[in-house]
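Each of the two complexes below includes chain A, the first together with chain B, the second together with chain C.
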Partner chain A sequence: MKKLSSAQVNAFNMTTRELSCKLREIVADGSERIEIHNTCGQRYIGTGLGAVQLDIYGTPGNDLGAFMDGAEITVHGNAQDGCGNTMNAGKIIIHGNAGDTLGLSARDGKVFVKGNVGYRTGIHMKEYHAQKPVIIIGGTAQDFFGEYMAGGILVLLGLNLQEGERQKANFIGTGMHGGVIYVRGKVEDFQLGKELGTADLNEEDYDALGKIVNEFASYFGHDAQEILKCKFTKLYPLYLRPYGKLYAY
Partner chain B sequence: MKTYLPPKFIIERDQYRCTQCQACVSQCSFDANYYDAEDDEVRSREENCVGCHRCVVFCPTNAITVRENPSSYRRNESWTHEAIEDIIKQSETGGMLLTGMGTDKGYPIFWDHLLLNASQVTNPSIDPLREPMELTTYLGQKPDMVKLTSDSTDIETEITNQIKLDIPIMLTAMSYGAISLNTQESLARAATEAGTLWNTGEGGLHPSLRKYANNMVAQVASGRFGVHSEYLNMARVVEIKIGQGAKPGIGGHLPGEKVSLDVSATRMIPQGTDALSPAPQHDIYSIEDLSQLIYALKEATNYTKPISVKIAAVHNSAAIASGMVRAGADIIVLDGLRGSTGATPKIIRDNVGIPIELALAAVDERLRKEGIRNKASIVVAGGIRNSGDVTKAIALGADAVYIGTAALIALGCHVCQQCHTGKCAWGICTTNVGLTKRINPNIGTRRLTNLLNSWSLEIKDMLGGMGINAIESLRGNRLHLRGVGLSDTELKILGVRAAGS
Partner chain C sequence: MKKLDKINNFYNDDKVIDACSIFGMMDTSGKCFSGKDIIKAIANMHDRGNGLGGGFAVYGLYPQYADFYAFHIMYFNHESRARLETYLEEHFYMLRAEEVPTNPTPNILKPPLVWRYFLKVRGGENSEQRQQDDYVVEKVMDINTRAKDAFVFSSGKNMAVFKGVGYPEEIAEYFCLEQYEGYLWTAHGRFPTNTPGWWGGAHPFNILDWTVVHNGEISSYGINRRYLEQFGYNCTMQTDTEVVAYAVDLLARKHGFPMEIIAKILAAPLWSEISRLPEKKQKMFRTLRQVYGSLLLNGPFTVIIAHQGEMVGLTDRIRLRPLVVGTKDSMLYLSSEESAIRLVCPHLDDARIPMGGEPVIGSLQNPLNSRKTAIQDPQSKTGEK
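This part shows the complex of A and B:
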């Protein structure tokens, strides 16, 4: 494999703007891989950078990878809110937890979270032909997981739940009208939005899920087969047009 | 269920003139005219007629008259025809009443209570036919002060991202999907020719319109349809849509029937699914969040584009606008109560929001008081009907206006309020392939540039009459306005004196 030309940035005491200018500069100089150290709340890391590899140490701020177009970001820590906002292409791997609205309106790309996530994960994600965003969460999620979802794949593993303990999110998939959610372990009907149907996974589902879980396991040192042994539930939208009957013409 | 609704319109066909050519049959997309082969006669189903006048205009012998159904209920100030018929519709469907265009209610139109000044004796008027008149407008943040170079030949202060408009009139947000591609192309080309901007609405950019991107405002709304970094970077201005005057506080549902193959490719969602724009932007629950999205978009475009934020004019507009400017917006757009839309619940359209004139006056005043008026341009929309409204808006404090309905009327719209049905007989608000052909972009562009040109001439005439030779000198100059028939409170909010004082 060709070795990537790499650079390092010490983000200590840098403002968001200073860091983003610095990163743009480094990318313009031809670096394909950048390590960012002492990251502390700077926003929009990865936005507008194109296809570059970023390794972030410390805690990046909100909107990490917003409107991202092909970057590959690894966070060696936690991410905050709005991570992967309206993401178009690329990959975000988080070795910790992430905040609210992870992957909001994402159109493509992948997000892997080792730990837990906040509210409204994957809200209004979409898909179009081959552009199909994927988000997989190792831990648990808060309410409104997959709200308004219009496409893509969400996977919720709940690896940190006790045996038999149910998932924490309520109102899962409220307003969902596209895409699919796979939930591992127990999820009760009352936790689901009323627009959802539940089903067992078929071969195609296992195929798609297997690939995602394998990649997830490879980043965080899990055993994919062990994860896949447990029962999964498939959640899908019952209607393509959940609000089609609201109006009198 | 038998409907209790009477026909809204009566279609009269002068049998002496009618040649049974059936033009009205093919022109009516609402299925209100048909040919009875047995009797060899064109007839009407009046209950379907929406009064769009397509057949009237296209009847080669002028045989058709369409008029409001004159039959009336017992007179009642409370239970008007509309109140009764809305209930009938709802009792027959169980749904929210949906409608298109802007409110048709008689809320006060303050433009009609404001009068412009003219020079007489004490200062000369200017003749725009012989003297240069400047309508050029720059949108974007202006510096707090301007420093000249030591030899005074140039400006030392760095001026950021100014958008130069040849006329202070822009074409407002109308998405492909809500309107036809031919309509959008007409708007895009007209804006390009006239040196102003058009707006994608929230539907993304169709590849065939990329060549007009240099005059494009790229909208980013809650659905984020077709939003990607290329789209953002192609545009001249990026506009965050928070709200719209015709439906403040609610989102938009583009019905699946309108999501054709081509619309689906532009919005990047599967064909036939409803395109749902949620009510809020889900990453904006506060001014701080707005700021976060403004700067995310600035980052995504490397600080090369002004960011505009559009809200519906509501009770607290002035305070909200102040927050928007502080959040980093370079342009703020206020869309008033009379603003139009492709589809909105009627109850919201007709009952929510405030008139644009009051919102504009309040926002301009507030920003001036806070010393931040220069930090953002103000653009107003919602019910601008003619160049008089434009000129008054600018005197009241706007930098520029957006027009929507006026532009569509130039293209043929007869304000029949059926945009939400997707059947627009004028080929404007529809994605039906047969109907969209009714707009020819060459002719559409011409009609629009003609309109913009005539308004420009009129504005210059009004300016000249006031003794002003640049629109810049009228901006926020409320001394050029006087109010008639307004209460003291209204005059105070508008910041204008009563006529005669």
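This part shows the complex of A and C:
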């Protein structure tokens, strides 16, 4: 394998704009792998950088990887709100928790979260032909998981739940009208949006899920087979336009 | 007023993305510390505000006058000060009056005169605390509705609000906040949406020792305001957040509710959630919603409410604004963004995002290092089991 030319940035005391300019400069100079240290709240990291590898230490700010097009970001810590906003291609691997609206409006690419996520994960994610975003959460999610989801795949593992404990999120998939959600373990009917159907996974589902879980396990040192042993529920939209009668006239 | 495009849009971006920033830190063991860290933390969220409002609340900074109501008053001219000081002399025993020390700061333009007074209710030794507090609320309302070019923006004991038009770090520099020490600090960087950015409209909002900083917008303001008027609270600051300060004074001080219950009035659980609770709890939450429906806060909000010995973080029940909680030994941190906490305390014991409508409470009564009860478990209060 060809060795990537790499660079390091100390983001201490840098503003969002300063860091962003610095990163673009480094990429323009031909670096393909960048380590960012002492990150503290700078926004939009990874935006407009193309297919580079970023290793982020510290706490990156909101909209990490927004509109990202092919970068691979590894966060060695927690991510804040709006991570993966409208991303078009690439990967975000978070070795911690993520905040609210993770992967909002994503068009493609993959997000892997080791820990928990906040409200409205995957809100209005979409897909078109081969473009199919994937978000997988190792821990638990808060409410409105997959709200207004229009495409792509969401996976919620809940690996930190006790045996038999139900998932924590309520209003899962409210307004969902495309894509699919796979939930591991127990989830009650009242936790689901009114627009969802539930089903057992078929072979095709297990095929898709297996690939995602395998990749997830490889990043965070889990045993994929162990994770897949547990029962999963498939959540899918019952209607293409759930609010067609409500808002249209 | 400042020219918005100049301070907020150096680069002529075609879109400006802003939101308020809030931060709170408390040493639940009661140890006092300077404003250095909170200034650093709120400045880290500089981009969320636009320089049209910044402010801080500090608790425990006047131990030598702990029994005196510390009135902080803004004046727009000297005449109004002379008039109001006569009024204060008539209605209070005044131990001390002084101008609040300030430091010329380039971006703080046209500041008002800011004075502080250490006051006791005349003849108050013989009356109960509650009566004295009522008297103070009445006088603050009287001043803020009637006095010309003057208003009280801080009126509690052993606490103070410092606020104005500017970025929070500029306001801190202007009021020399690094020189004060308190065990509880809250801060706010403002991005005014519906109301003007003026000195009185900056956060925190205060009555007695209650303060509130807020990110969001309270669309029930009209209903809340009319309800509070029945109890003698008049809104004069032209900002929605003001109602929260008066609501907690009414609910906590006058009606005697603890913060856990007040949170369930301001951010009442959804009816669907109530219907899944055990019978007894259902009854309680229904009753609260029925009796205090007019104090339900509608719209997106995150607030940090503080008073003597207690700091509370609360979001609306579907969490439309962010709140991150960090703990380290006896310290409790509340912030709009985790990075601001990590900047001043990199190695937290715990960082988490509470559920919408669930209060996070730090209290001197339950110091954090004996941490079993000081922080609410997200699920325990509504008991969804």
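Heads up, the rule we're going with is that the second predicted complex is superposed on the first by the 245 of 249 C-alpha atoms of A that agree within 3 Å, B and C clash if a C-alpha of one lies under 4 Å from a C-alpha of the other, contacts with A are read in each partner's own complex, and residues count from 1 in each chain.
Keep this in mind: a residue touches a chain if its C-beta (ideal position, glycine included) is under 8 Å from a C-beta of that chain, and two chains touch if they have at least 3 such contacts.
Because the structure is predicted, anything quoted here is derived from the model rather than measured.
Of the two partner chains, chain B and chain C are each touched by A:T16. Legend: residue contacts after superposition of the two complexes on their common chain; A:E72 is shown touching neither chain B nor chain C. In the superposed model, A:E195 makes contact with neither chain B nor chain C. When both complexes are overlaid on chain A, the residue A:Q142 reaches chain C alone and has no touch with chain B. Applying the stated contact rule after C-alpha superposition, one finds that A:N62 touches each of chain B and chain C. Contacts of A:G118 after superposition: chain C is touched, whereas chain B is not reached. Of the two partner chains placed by superposition, only chain B is touched by A:N85; chain C is not. In the superposed model, A:C40 lies in contact with chain C only, and not with chain B.
Between chain B and chain C, more residues of chain A are touched by B. Residue overlap on chain A between the chain B contacts of one complex and the chain C contacts of the other covers 16, 43, 62, 81.
Considering their complex, residues 15-17, 39-41, 43, 58-62, 78, 80-81, 97, 99-100, 116, 118-119, 142-144, 168, 170, 190 of chain A touch chain C. Per the touch definition, chain B reaches chain A in the complex via residues 89-90, 92-98, 222-225, 227-230, 232, 253, 255-256, 264-265, 268-270, 272-274, 276, 278, 282-283, 292-293, 295-297, 299-302, 345, 420-421. Only residues 16, 20, 24, 43-44, 47-48, 62-63, 66-67, 69, 81-82, 85-86, 88, 101, 104-105, 107, 120, 123-124, 126-128, 131, 148, 150-151, 175, 177-178, 240-249 of chain A touch chain B when the two sit together in their complex.
By the touch rule above, chain C contacts chain A in their complex via residues 11, 44-45, 47, 272-273, 276, 318-319, 322, 324, 337-340, 342-343, 351-353, 355-356, 379.
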